[in-house]
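The next part holds the structures, each set out as structure tokens.
Below are two complexes that have chain A in common, paired first with chain B and then with chain C.
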Partner chain A sequence: MNKARHNKTNVIAAHAALIAYTLIALFPVFVIVINSFKTRRAIFREPLALPNADTFSMVGYETVLKQGDFFLYFQNSMIVTVVSLFFILLFGAMAAFALAEYRFKGNTLMGLYLALGIMIPIRIGTVAILDMMVATGLVNTLWALILVYTAQGLPLAVFILSEFMKQVSDDLKNAGRIDGLSEYRIFFNLVLPLVRPAMATVAVFNMIPIWNDLWFPLILAPAEEVKTLTLGSQVFIGQFVTDWNAVLSALSLAILPVMALYVVFSRQLIRGITSGAVK
Partner chain B sequence: MNSTQKPSRIKWHIFVFLAPAVLVYTAVMIYPLFNTLRLSLYSEVAQAREFVGLENFKTLFGDENWSKQFWNALGNNFWFFIIHMLVQNPIGILLAAILSHPKLRFASFYRSAIFIPTILSFVIVGFAWKLILSPIWGIAPGMLDAVGLKSLYAPWLGREAYALTTLSLVSVWQFVGIPMMLIYAALLSIPEEILEAGECDGITGAAAFWKIKLPLILPSIGIISILTFVANFNAFDLIYAAQGALAGPDFSTDILGTFMYRTFFGFQLQLGDPHMGSAIASAMFAIILVGVCIYLFAIQSRMRRYQF
Partner chain C sequence: MPALKLENVYKSFGSVEVLKDINLTVEDGDFVVFVGPSGCGKSTLLRVIAGLEDATKGDVFIGGEQVNDIPPSRRGIAMVFQSYALYPHLSVKANMSLGLKQEKQPKDLIESRVQKASEILSLNEYLDRHPAELSGGQRQRVAIGRAIVREPKLFLFDEPLSNLDAALRMNTRIEIAELHRTLSASMVYVTHDQTEAMTLADKIVVLRDGRIEQVGSPMELYNNPANQFVAGFLGSPAMNFLKKKDGQGGTIGIRPEHLRVAKKGKINGTITHIENLGSDTNLLVRTDTGEPLTIRMFGQHVMAVGNSISLTYDDEQAFEFDAKGHRVN
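Presenting the complex of A and B:
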């Protein structure tokens, strides 16, 4: 009896702590989004109130859509993220297959070489990367960003994918070899479909940092026509600091796509982290 | 089997499979990394690149103007890291410990909700908190007023004494989800038998956490510590989004990332200097390398002994 009561208070305390922290985590997002739908006067008078018939206003969104080229920024971010993910997954899986499947001289060394980049941030080499992009004429193109993000994502991708590829059964691959499949067919037709869950994990891990990065767009591709959404909203907000409606609406618009991605992929992301893919 | 053909055939496959990844990785990551280290030994003299040896480092550490900025940024960066270690990781562990309770309801809802700030970009986080803490808008003073603590309010981001700590806490708010998830995974992987054995000896509840679970998740705590270290020592975005490249007020929030950006790219009237920028990048590289080595050789190798 005593123990049961003790358990109940424990459960209530646990929920109280979690609800309190959830509120802390969500409060800023909530405040930004509700205020983006209010008139300027209401934003300042009642910052915590929901918009009602009197205070509802879309004026901020109108400014944003008129002044900023958010569709272009969104499109740029989309291209950079999707193409980088494609290369990370394709090249990463190919290299992981080579390391996991074949015994060759220098296998371990190659694995270590590729793993170096997991711990060392690519930003350290920024000065020389910019030099190189200027020399090759890639500066202010989306390709500069795609190349950098691909290089940045490869080490962890190779590491995670080769762990999973070691688990694919040898019998299956050998059966394929006996049937006369080339090594390429074995990789694309037999092994890749089996490691699809691991590929999804790698994709989700890389997606968010690429989408949110500010450093490389700022340095490698600051021109108007190649701005990503993150850089575009940063510049826009910097210019409209005093127009609170516009700033709040721009922030809400920047939150929207990431939240949509999160709703779609959160189960994959959380399963990826908790299944120990990064241990 | 035609054994004469096989070795050469296999070699080609390996080559084709490895080539794209190794090429991109080497050309865009490893080569620029070492090239940056090399560039730190050069300087621009009369519009030509000239080898100057360790001159840039002499300036960085010896010249009063430069060294003051460097040590300021490094010290701030350490404070930034310490706050993460003291606030972010304990809160993450605590949340994970509560979440990992087997019969807790809505656990996946809490987990997903608490992780949301982590997926937002620094630009959103920086500006959102700047607005909320702003004295003009009045959300923060208004809320403190509601609980009778209005006297505690100060424009934290504008005061030299508080700005860095405030931004560190904003960063903690953003990233608490990562230690929470990793520790949560580690706690779930503890075998049930060990906990039951403890229960038989009368160790339950909080005692079970301190005496059984915590020692077993030490390796994961080591991993989140080194991840935090590396992430903090090349942080840039949050400070830049909230305070700009000048890392105001009066450089009180300047960390190595913003210092390197300013030096490399220039700001306002100061021209950018890629070679001094490389020197700062090299110093950052050295710091991160030392941290990673301490982790690999001193912490991780010692911890393995406690694993099953």
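Presenting the complex of A and C:
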């Protein structure tokens, strides 16, 4: 850190604010995790206490791992999230490149049309989507979810990525053209690496809603073998009794993969590889 | 055979006409410089020549071949950009050899061309580095190297020196001039720096609002400008323009070095500013009729701001322009 520009009080104040924010943000997660290791009575008697010898219990995790096919749910969620993100990023980036790079009739209109999806929630079309999925025989397949989530994520992806792609130096793309690179190679080898931080942002934005979604799995893919983790966890929440141990354990487990994905993407966010390209 | 020929080239972006009726021939081995104020269409013209933009109308010939429908990579050109535009993920060597690789040239030919280019530009030590690990001047040399290895029929430069500092700019300018001599290649060079234009060019093309104002050798343009715009654009300090007193809106143009101090001269005024450059002295004068003038005198002179001064010039060294800016004498 540059000493000349940072005096001590400022540094302390900034850190205090950041630490306070971190504590507030992490508190619910912390409560969920500690309670997942406690007996049911202890959860209700002292929700904020750490588990001790008396109250420690793995009963929640045991229920979760025994009940249903938890690892399958895990795997389903993972497949749906990763494949959807892949398609969102691939098609989003391609559309964004076309909008940012090529002058054609209706370019602006096309951009507006693609961005419209940001404002209209996809759930409004649930009935029509279900009809289509039934007609195409995709109900109760992971593809049903992947297609819907890809459609849901594309508008914002196109919007954000096209803004970033407009910033990529024209000279660099033109140098590639003069050297005989195809438009595909210009896209994949020159442009994509330079918008990697934006891609990571889009991925993070889309990942959480997809991972947590309950609506579409419930409607489009409720069958046992394609259940996602969020849907699978619902068996513990009844109308009259809820198995809190199991719910909290399931939630704690569900955090892990998202965290892993987040770490992957945020490394991309931080890595600035644009330096040296221009200027 | 001319290296480049443009015939009635027009270019519009939507309804905006950026290039209007451009006709130009660049002879083999010529160093041609495009100059003009910002936004006059220099880069656009260069991109049309390169094939990065399609001309709206007109024909482009490179080496005698019509290239209107030929992609940039097969036009036999190489281009150096203002922002260097090096591939950030490739080493210097890979940057230089990519174009040849795309052409599927044999490995040993690529190797020898890269070797030769890096020797000319003294880049040997840097071949394995990435662009991020180079200084600005080194990066620009790599960009020039990338152009050289392709051995093009025509080099295109778009303000290649404007991101460099003054000392480096001068060195690189000399390097480019030497390059032109050793390769005896045809080059088209865009700049808005008139020192670059004057020192490098065999032929200068002055552009303004998408039109060619005048084409000629640097001294031709300097000594015999076709109109007031060209006269004012070339030369530093710029030419002085005084209103004629004939009531028809004409102008007289006098270069700062053609004015001299006299006992009883044609122009009287007051000194408003003095620039002592050591070798030269520049005086800024406001005439009694309120017009600003610059005088350039050789050597060092002792003057004071606020003093009145009388100036004169030889009529044969003055340029006369009509109300539309056309040359009349």
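To be clear about the criterion, the second predicted complex is superposed on the first by the 201 of 279 C-alpha atoms of A that agree within 3 Å, B and C clash if a C-alpha of one lies under 4 Å from a C-alpha of the other, contacts with A are read in each partner's own complex, and residues count from 1 in each chain.
Just so we're on the same page, a residue touches a chain if its C-beta (ideal position, glycine included) is under 8 Å from a C-beta of that chain, and two chains touch if they have at least 3 such contacts.
All of these numbers come straight from a predicted model, not from anything done at the bench.
In the superposition on chain A, A:G137 makes contact with neither chain B nor chain C.
When both complexes are overlaid on chain A, the residue A:P222 reaches neither chain B nor chain C. Counting residues of chain A touched by each partner, chain B versus chain C, the larger count belongs to B. In the superposition on chain A, A:P193 contacts chain C only, with no contact to chain B.
In the superposition on chain A, contact is made by A:L181 with chain C only, not with chain B. Touch criterion met: A:L251 reaches chain B, while chain C stays clear of it. Touch criterion met: A:F44 reaches chain B, while chain C stays clear of it. Looking at chain A, you'll find residues 273-276, 278-279 touch chain B in one structure and chain C in the other. Interface residues of chain C facing chain A in the complex, by the touch rule stated above, are 47, 50, 52, 71-74, 77-79, 81-89, 98-99, 102-103, 130-134, 136, 139, 146, 163. The part of chain A that touches chain C in the complex is made up of residues 169, 171-172, 174-181, 189-190, 193-194, 273-279.
For chain A in complex with chain B, the touching residues are 10-11, 14-15, 17-18, 21-22, 24-26, 28-29, 31-32, 43-44, 47-48, 87, 90-92, 94-95, 97-99, 102, 104, 110, 114, 116-117, 119-132, 147-148, 150-152, 154-155, 158, 183-184, 187, 208, 211-215, 218-219, 230, 233-234, 237, 244, 247-248, 251, 254-255, 258-259, 261-262, 266, 269-270, 273-276, 278-279. By the touch criterion stated above, chain B contacts chain A in their complex at residues 10-11, 13-14, 16-18, 20-22, 24-25, 27-33, 35-36, 39, 91, 94-95, 98-99, 101, 103-104, 106, 108, 110-125, 127-129, 131-132, 137-139, 142, 173, 176, 181-182, 184-185, 188-189, 205, 220, 223, 226, 230, 234, 236-237, 240-241, 257, 260-261, 264-265, 274, 277-278, 281, 284-285, 288-289, 292.
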